[in-house]
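You will see two complexes here that share chain A, one where it goes with chain B and one where it goes with chain C.
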Partner chain A sequence: MSEEKLPESHGSAGEVADHGDPFADPGLPAHEPRRTDIDERAAKRAERQVSLMFVISMLATVGFIASYVAIDPDKIVYIFPLGHVSALNFALGMTLGVALFLIGAGAVHWARTLMSDVEMPAERHPIEADDEVRADVIQQFRTGAAESGFGRRKMIRNTLIGSMALVPLSGVVLLRDLGPLPEKKLKDTGWKEATPQKPLQLINMSTNSPMTADDIVIGSLTFAMPQGLHTHDEDFQQRIAKDALMLVRIAPEDIKDDTSKELGFQGILAYSKICTHVGCPISLYEQQTHHALCPCHQSTFDLADGARVIFGPAGHPLPQLKITTDEKGFLVATGDFDEPVGPSYWERAR
Partner chain B sequence: MSSASSTTSGAAKPASTRANPANKWEAAADWTDGRLGIYSLAKANLRKIFPDHWSFMLGEICLYSFIIIIMTGVYLTLFFKPSMGEVIYNGSYVPLKGISMSEAYASTMDISFEIRGGLLIRQIHHWAALVFVAAMLVHMMRVFFTGAFRKPREINWVFGFLLLILGMFDGFFGYSLPDDLLSGTGIRFMEGALLATPLVGTYLQMFLFGGEFPGHDIVPRFFTIHVLLIPGIMLGLLVAHLILVFYHKHTQWAGPGKTEKNVVGMPLMPVYMAKAGGFFFLVFGIIAAISAIASINPIWAYGPYRPDQVSTDAQPDWYMGFSEGLIRVMPGWEISVWGGHTLNLGVFIPLMVVFPLVLVAIGAYPFIEGWITGDKREHHILDRPRNAPVRTALGAAWISLYLVLLIGGGNDLFATHLHLSLNAITYFVRVGFFAVPVITFIVTKRWCLGLQRRDKEKVLHGRETGVIKRLPHGEFVEVHAQLPQQDLYKLTAHEQIQPVELPAQRDENGVARKAGVFTRTRAKLSRGFYGEGSQIPKPTAEEHHEITSGHGHH
Partner chain C sequence: MKKLSARRRHPLAALVVLLLALAATGGLYAAFAPADKAQADVAAQSLAIDEGKKLFAVGCSSCHGLNGQGSSDGPSLVGVGSASVDFQVGTGRMPAQQPGAQVPRKQNIYTQAEIDQLAAFVSSLGPGPVTPTKEQYTSTNPEDISKGGELFRTNCAQCHNFAGQGGALTKGKYAPSLEGVDAKHIYEAMQTGPQNMPSFPDTTMPEEQKKQIVAFVRHTTSDEPNPGGLTLGSLGPVTEGLFGWIFGLGTLIAVAIWVAAHTTKAKKS
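Now for the complex of A and B:
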């Protein structure tokens, strides 16, 4: 490492205090004048530079106001290499940036070239008080404590501590009505309305209509929601966060898990779309391997094998919904998922 | 009040005895002084000395970006509607016309497209937040690696640490507010973490969300937390932090004329005022220009949040990336306990155990080091990182862990951009989580020792001049020049702490005494910190004399 990189290196020789010890502190180095300290012309030039920066800053502020008034917010311009950007945003930001930056640059330049750069030492004072003050304060405190009788009247002291410890609980209790109790809310989904007598149709999310088995081709991924749910419903967000379904069709001989095959219909399997890790919607499907991948943390589920987790941080398979067809041939569910959908939690039982 | 003064001054009104002020400014100052006592305040501080070192500006960047965030934040609250009520978008951004979305998202769209300058302020707000957290991290690294956190500054380290944590979380709440697809994904992530908490998880979730995910309350609640609760606490901490900085005065590097008892630099007025004040405008100006050029968080490209949809680049902001890394590389351990209960270790361990530990390790460090060294003195002279090899190596190891986790958090980006297997990256991070910090530690420590040896070499043999000399017998040698004394001083000014010794096995009466586990661990750690393998002995004046006094020296 060169000497220049030493901390606070200045290169001017200080006064050498003691030749006996080569490592002794030589004391503060003498001040070296700058160009602007000795050359009045240089100082004048620096002065003009500083003022010029302030003047340009003023112009930039005028430019800012002009841009605000003149440029249409919808206007898009092409600026190399930024691409297509909002003209207004660009103009406002650049003028504001220049106006602010030059005030700063001017001030710093002023300080560096024209204000005195003589370094001077100031004494530090120890943070700790000296022994006399310490003894004095402790004595005063003792007197105060004795006068209060805090140490002597133990019953008062202890009950005070007790009441102080308990009173914050009121604050905690007041938070109770922030939300309802969990109860079974996380377990039930919108599909629980479905019964064998009154099945619920599976509504295709993209066409908004019920589907027959033939609508689902092998190797495709289709997203569905329960009949009766509409995107404009008040609680749509909350319901779709649990009800979202993904349908795959796999050649029945490729399905490795028998229970899973039985829950499906002619190789059509209906899994929860909500990842069992922390609840992202699963969106990527690889038809060759029947693997579904969650984009958030890459949990990978083998849909041909009961949506078993084969990679990533999810802890259990995707819940599956039992489906069949109704008399009109539409795909329907006859009950809720066999286990809670989404991220797992303490009360969750398999 | 004591009675002494009232008896001497009697019933007379305390009056200003000020001579006539020179001009109306002085008169105004006199008036104010009579009410606020400003003269006594200014006496100590007007010419207060500030040492100058480029790294001191890191803390200033934190302060200034925080001010910028507050100013732009106030502007944004004037237009933002923190509500999850559904509306149909009918603004000027055509691709989303007619789509139903929350008012929060719609008003963020309006800020971006309808309100002139709104987009700019939004961008400045977000960019300043990134700069803020980044500057806090780097500022803390400066303080850490130079040992500036030692007594008397431990408490200020803790304040700074709390500011970092609060800053990170406020950033998280902030980017959750627009209710776009990306922010909703982040909130879902948090929900999963809450749910994974044993016993109380579901209650925490219901109470935070006011019901099931996502419910209608989360945006207004986060809004209050984001603009009121956390910034309020931060403001208090910040003021306390600055008061302490002022009270302790700055640290300084060892150098000629600089001691533990003084502070060398330039006075607050005018130099420091101009430089620091000017620097605020520099920071603000640069952030404004970046915001004009580089678009950040283009919520219109993601669309409104829907729990069954996801945007492709579901990434948190970089400072939360390590938590994302933790959760991506953790194996999905989930166990059933007591029949009906699930312990979701796969989410609980990374987010509720390791995540806080990684952070708290920073906050507690000064106390740990202080305990190991047993050093109770005040320190105002900074350590060069090489002269505290173990500390430096620990810091480097911590940073390497952070970076490894950041790679884990962006494993999909690394995979697509570098054409690597995603699974391979994940496995690498799983191993790296344990291995990389250890390797970094060892390498950094050796590197520091190497640098210490170089320093010693330079002190004893001088610096290479590049001048080649031919000796009478034909050998060529390079002339080494003595370092000037100020450099010799700088290179040897650091003190070398000795490890804490175990108390004598027998006390003065010869009775056997056993040191407790605590004491023994401490002695061991202390030896690790300052023992033989952890520092190179400083050159002594005798060694220097011997080498410089004549024979064979070149």
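Now for the complex of A and C:
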């Protein structure tokens, strides 16, 4: 703030109280009029400026509507710092921005030049009411309580307390699926339809066709879903959120976990793609280290070692699906995962 | 025989002999000529292998062994195929500058002819994925871009980011950005799975789909118009949020300060 605005420097007749007291309250500086307060022409000019801003804002809104109607959504233009952008997006953003900005700028300009700017000090008082008012309120409360007979009519009181105590239950009902009720819903996946008599084929999600063991080579990564699930199905997203598999093939001598090796087929291992932390789809697979990473919180699973968690917040290894081949040589599953896929929940056995 | 010798002096005998001779020559030519050509091919091929072996001895053998059998410093190259050589050398990743978590892309120092010779030598060690031809990785069908986008999001986006900008892996490894990468090299990377990238062999991802993915990647990472203006690195909410907080809110605060610091007192104006 520049010197001249300080009370002393312009020698105004501020209400400076007592010169003997170095910490005296300097009081308010004298009110200074603005040019628009004393010069009618300046005031008129400010008025015109404010209305001009509002008018331009109106024009910009009209421009917004016009560009929405007129500009071809596919048209691309070159605008310097942005590069090639969609003409429509640019026009919409610009006109709306100008329209909103000028309303604000006009309002600020109006307040600063034309509305009253007289300083209005408001002194602070303690917030509590004085004793008289308080006594009165307490008295009224007592009278009210006496009139309602709350203390006397025990039945009303007790039922009221009962109803108030029960209301929160509706919240419990609404939020119940956060609690111990999903039970089976999370326990099994679409693979549960598979039985040793009627195995389910593993369908490659890129080609939508079943795969033979030879299709999966060492170092490759393939995503699979159960036979009978189609991307057009209404509940596809619901189901693939539990059924998704990632298939890797690891040289059998590199597989460190024996159970894992048995669940696989000639080194082909089928793991759930759903992170056991909070359920993100994981598949950042490093084929040399056999580590799979979750992009959400960096849980890292060692797929060569039964998908053991080697880093990060996940609490369980990735469930592995037992796979084999059918008589035509296609990879199939003969049952569900033997533990639930995805994050932990209350009824989970381990 | 008697009959034949009796006609020996027939006026047309010379003509018959001539015709027979011509037919024999033609037949012989037909029988031998392709064989000659094939021999020429084989010769050219073995020449390329020889040349490649020399280049290999100079540039690659210190890690991969004189016969590409591998050593403690580099894996065996038996069965990696020509596509792998074309990718690794063509993108400058090989010969590697220094061992480390990841061999980065750098200036390629070989000509395409030399790369082909190296590839010929390495594929003579054992069969593997073959360098794709131009038709295999160039798509002419605009629909391929959207199909490729779907495949990209299923198979690639988790590491390379939804716009192909790349991303981090563990312990200093990373999935590189796909910006400015040759269509051929993208295709080869899917075929061969370089470094820690898993491979996507034709058996699980047919040629046609690789071509579609290449079409999508080239479309998305090339100088395509960006409908919204600044991409902020196409990294998503991180850069966008940062930009909003710093530049968006910063501008608002600056304007508020400016408004408050400039009074309209008559004396000032």
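The rule we apply is simple: the second predicted complex is superposed on the first by the 253 of 350 C-alpha atoms of A that agree within 3 Å, B and C clash if a C-alpha of one lies under 4 Å from a C-alpha of the other, contacts with A are read in each partner's own complex, and residues count from 1 in each chain.
Keep in mind that, in the parts below, a contact is a pair of C-beta atoms (placed from the backbone, for glycine too) under 8 Å apart; a residue touches a chain by one contact, two chains touch by 3 or more.
Keep in mind that what you see is a predicted model, and the values were worked out from it rather than measured.
In the superposition on chain A, contact of A:131 is made with neither chain B nor chain C. Contacts of A:327 after superposition: neither chain B nor chain C is touched.
With both structures placed on the common chain, the touch criterion links A:248 to chain C but leaves chain B unconnected. In the superposed pair of complexes, A:100 makes contact with chain B only, with no contact to chain C.
By the touch criterion stated above, A:40 is placed in contact with neither chain B nor chain C.
With both complexes superposed, B is the one of chain B and chain C in contact with more chain A residues.
Using the contact criterion defined above for the overlaid structures, shared-chain residue A:89 touches chain B and also reaches chain C. In the superposition on chain A, A:283 makes contact with both chain B and chain C. Contact with chain C, but none with chain B, is seen for A:217 once the two complexes are overlaid on the shared chain. Residue contacts after overlaying the shared chain place A:258 against neither chain B nor chain C.
In the superposition on chain A, the residues of chain A contacting both chain B and chain C are 1, 82, 85-86, 89-90, 108, 112, 117, 205, 223, 281, 283, 295, 311.
Interface residues of chain A, counted against chain C in their complex, comprise 1, 4-5, 10, 32-39, 76, 79, 81-86, 89-90, 108, 112-113, 117, 204-207, 211, 214-217, 219-223, 248, 281-289, 291, 293, 295, 300, 311.
Of all residues in chain A, those touching chain B in their complex are 1, 3, 6-9, 13-14, 16, 21-29, 68, 73-74, 82, 85-86, 88-94, 96-108, 110-112, 115-124, 126-128, 175-176, 178-182, 185-186, 205, 223, 225, 231-232, 234, 237-238, 240-242, 244, 273-274, 277-281, 283, 295-299, 309, 311-316, 342-350.
Touching chain A in their complex are the following residues of chain C: 151, 154-155, 158-159, 167, 169-170, 173, 175, 193, 195-201, 203-206, 209, 223-230, 259, 261, 263-267, 269.
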